[in-house]
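I've put the structures underneath this note.
You will see two complexes here that share subunit A, one where it goes with subunit B and one where it goes with subunit C.
And now, the complex of A and B:
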């Protein structure tokens, strides 16, 4: 029975004292921040009406003058493009499966984090308004979509998917630590099942995917596969084996030296020229995904290399002194620190990939942005200058995705103690 | 040690490259060499494609075994090709994709559409990404030759026009000295604009755009004095001109026709069988109009007595007449039943009753003063 040392289950960290809140009246705040010097006063007086007017115009457009009918009518186009409408049960089923496994994964991670936090003696559990802020972008998107939905069926199905995700989350929180490794399997299985549902059993070929679905497929697939490939390339570039090093360097420098558009065009049009006529080339969508992965991996490799270089040789030497073999040194000591150090740059690259998926419209794929440009050509909306509405709508979706990634990365940085240790 | 590793790598890399090359040769062993074709972008590309086309399996057989037609379309030209709210492509050009699919596969819905930009369309055709290009493409000699496309026949006779604001008082092209003219890049319109204005000794400044949307915005913002494009497209945009900008009357399309713009389906050079199949899929829609057969009455015509009306019987394959096009004897019936005759297609997509409200102009039967003239089906 010792009162110091390993914290027990009952251990509760002492309540932290809140920093004193300095009460500042709004008038005081304005004086301190906007009118504290004569030139700040001038800038405030000049800019405030201009910014106010701009905000007024934007809000008036979004809530009053904009004719959102074009988005309402084409909502399915924005979501799935030319996906056959009598096969829509496939994406819904896939979404339900994915919602379940993602919820499950989040639940398991949340419990793991709670336990780690408890062992470390850190204050656990986010306050409710932190959680709301975390979910705010997704909720905003959900609200925007719900506003534009015109029939009841999608609402019911959407509610079902959200419910499944929530159920998955609470189920995940109840999984005992010993069973957790099955989680990865469950997520992979979920991905496989949703892919099979989408494409097999008289399913729909990838060429007909479109809209947000295609954008998400390219972005998520691209991020998930470019990351490991980029790490491998970064390790390859620092390898002591010259052949591996040469291949990595040539690959990275070649890919980084060519614009993404040129690569997309090459994958689309030059590849068939280079391959024999009867050689089975993968479909357009796969080619676009492969190009996006190849492109992003080269950049990720350089980011990771920067992270590897930030690790002092002392870390290697300490690992060697402990008798760790090279690959274990890399996996357990170097990479965790290196990757943690480059989270901001890495997430920046992923956000950039997410937005770059819109370039696939030049190779004839109907992604989210392409839909926005196409629907204005429908006879009902032709020549009425409705680009503002469609572009604002898709920009909002891109913004939600990018902002969410950015916020989550900041949370992760905080959790991993980046910039503190 | 380091040196030896480096030497090893020097050996390994070329070996890998060689292995990769051999692998390619192994796969393409029965194919004629490709590299010669790659360089020949110009006129000899046509001959190259001819050599390359596998004699055993042409595009026709390939499409039939695939069961789907890959059709290159435009999805941003009102009336000719656009995306509907139901996620389907519709329009005048799209109807002819469906007609080809109905003729070749017996199913007008068996089409996979690829939306193409003006710049990418011929490259996509050459790369065999698409079987046929039906994307309001003007038939010109260099496209027939250098771009290694083969124009099957004309589906739409258009002409380039000039649209100006009515209150600018341009009576004809000759009044347009020192003006800014907006047009789409990579199109024949851009080239015609130059030749017409240079021939008339007019100074002008061209402003080119990637698509009609941005061009329209520029014209609305009065960044250009004239808007030149095919008259059909100008009419479409004029008809939808916003009321608060003065409506259609605020714009005038000048009477002059600056060029001939015959639009039609394009196939890749060197596959005559496929070329013929596409061409006749179009022709039967015109011939059906001439016979006054349409999608609603084609059933009645199937009872025709070959003795009484041998031409119609032959046309509909009632007497099992096979023209040797590699298509079913009754392919015309499939086309008419599933898509319709030319008149139906026209009126459904761009005719006076539609949002475009295009006057048929030359796009009517030769018997009524138009240019639609189907060669005899016998």
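And now, the complex of A and C:
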């Protein structure tokens, strides 16, 4: 027989070897990253003491010299402003409902992502320390709140809300794919129910909301209501009717050319003049919300327009070949893809709206920042210059919110490879 | 008669209620009519409500004396409302232009620092960008104003750091002092600049013709310095630098910046620099790595690689988003209202508080901001077109 043995098994390529990882000793690391050239050595030698001193001063302020009692005493004010204290069960109930539906939504999304990842053969499991790093900003905020809180009740209630959210998450993961569309309804219903709990049945009108609660209401309400308007404007800007295009472009460019704070002034001072005389003037908070919606809609429109432009003409042509009418093409083929592509940009817009809500301070609403300004005028703290403490506390809340959301959005963008298609 | 006859179009036209062309026009006319009716309704309401409250609906109030003074400017209460708006507009423009220039410089530096090979520099730049970008500008401005600048020492024991004086009454920096004949000197300087340009062009032509090193910056700079230096000596110091000096409770010389102005400028430039840094970093990363490697292979050093290969290409990517940030900066200058800096929005607010009609004033203010935004976007577009054309 022949000497050349016919391989009986299918050829298997040798397993890919991991590139060798060379352990870098600390000395080597310092030489490579801090003293690799003469000018880097100079920079390091000059910069290191300066940074060290700065960190020392900041740490000394935070842990030694800062008078945090102004935050401790006013923690409830920071959270809800002048909301009647007998009615605090309402925000807690609303938070419980929201925690449940948000958990549910996250659970459903997580399961959908897992399925997509399995189909595409992508690994999405995050390691333990990566998860901790993801949650770090939120944990930091939690630690700050625990330090500042004076009684145990809020902590117990907060733990309850978190527990409900976790329950919602695991319930969401068990929902079969066919029932998934009810999730959107559940989230909307949750928002509606929490609003009703707050304001109806002898509830508290918007005029008395304040603090972080008002900030969150303006941000979430603003983006949620601006979204449909923005989609309409984007479609209008790409309409085949020149008149519709003209009106959309003029609206979008007018709004984008003017500072938000100037628009808020307009809403505050001019909006009441534009309504019929016998029409009840909406309250200050509503006027601010209307302006935030009108403003955000213009920016959402530009984002959605970008998404619409990213869809190739082949999609339109294929839909046409299948005999779909124009509006069905839009609703079933184009918009779902376009809107999915713009999720990260929409998160960015939400972050910027979340930060921009602080401008309502100027027109006299009592949002998170306004509380920080107001508490320094309390008799106990008047004229003691505790601006640094209060402003650092609210910046920290804004920072955690924005940083956390932008990190999560980057992660989502990377994981779903949205930029690659 | 040609063999191919056009089909008789007029004969087969559908009736107007099914003719797409007619329907398209009809829909658009109806849409415009709806929008117009809405605007007309709102305008009618505006005029009716203003009349009902006894407010004037014309613009004659702009010529009346303002009745308020603006601190930090030489505007007095006898000047007219229109002049007050102009002062506000001027302040907005000045703070925006300085903010744009300084934020660009700082933003480019921080953006490059984020890509440094030095770990410490990289982390510092990243910390700076992440700390500022995720906080609202108004919070940062208030922090700078209330917790930093107003906490500076009082003028009696102001902090004097080699030419810069910091106190809670104002910030003082070295500045140029002008004499009576400085106008002539400036004219001569302009001439010298033109001469430098001519010398540079001559060196370039010579380089093209003979190939000997042109050194046009050296030659042009020397021409300018010689002419300007001789003029400076002949005119007996028409322009000199004054340092602010502290004498008791007074500061003489130097440039005075009110605390409000300083806080707004510093806040805008530090905040927007963080955003520009992110754009710069992204643009540098967007230049293909092969470009950098190829220039390395050609023997260019680190600085030359950046100066001649990477940065020119990154610049072209960075210009449109940076232009957006410039417009944002100009719009954000309206936040001066939070720290009592008399820019356009605050002046409008004060005038309204004095009982002047709000709708007209707010309308004028919006138009002025819109004009600033449009002007900036035109400038950025021109710049962009020029750069992309030259690179093509």
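Keep this in mind: the second predicted complex is superposed on the first by the 343 of 421 C-alpha atoms of A that agree within 3 Å, B and C clash if a C-alpha of one lies under 4 Å from a C-alpha of the other, contacts with A are read in each partner's own complex, and residues count from 1 in each chain.
We take it that a contact is a pair of C-beta atoms (placed from the backbone, for glycine too) under 8 Å apart; a residue touches a chain by one contact, two chains touch by 3 or more.
As the structure is a computational prediction, the values presented were derived from the model and not from experiment.
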| item | value |
| --- | --- |
| First, second, both or neither for A:371, with subunit B first and subunit C second | first |
| Touching partner for A:81 - first (subunit B), second (subunit C), both, neither | first |
| First, second, both or neither for A:181, with subunit B first and subunit C second | neither |
| Touching partner for A:276 - first (subunit B), second (subunit C), both, neither | both |
| Subunit B versus subunit C as contact partner of A:129, first or second or both or neither | neither |
| Partner chain(s) touched by A:379 [first = subunit B, second = subunit C, both, neither] | first |
| Which of subunit B and subunit C A:73 touches, first, second, both or neither | first |
| Which of subunit B and subunit C A:394 touches, first, second, both or neither | second |
| Subunit A positions touched by subunit B in one structure and by subunit C in the second | 241-243, 247, 265, 269-270, 272-277, 362, 373, 385, 387 |
| For the subunit A and subunit C complex, residues of the former touching the latter | 33-34, 36-37, 40, 43-44, 47-48, 51, 241-244, 247, 254, 256-262, 265-266, 269-270, 272-277, 351, 355-356, 358-359, 361-362, 369, 373, 385, 387-388, 391-392, 394-395, 398-399, 401-403, 406 |
| Complex contact set, residues of subunit A against subunit B | 73-74, 76-77, 80-85, 205, 207-208, 210, 240-243, 245-247, 265, 268-279, 284, 362-364, 366, 370-371, 373-380, 382-385, 387 |
| Contacting residues of subunit B [partner subunit A, same complex] | 5-6, 8-9, 12-13, 24, 27-28, 31, 34, 37-38, 52, 54, 75-79, 82-89, 112-117, 120, 123-124, 126-129, 211-213, 216-217, 220, 236-237, 239-242, 354-356 |
| Subunit A-facing residues of subunit C, complex | 24, 27-29, 31-32, 35, 42, 45-46, 48-50, 52, 116-121, 124, 130-131, 133-140, 142-143, 146-147, 151, 331-332, 334-335, 337-338, 345, 348-349, 352, 358-359, 362, 365-366, 369-370, 373-374 |
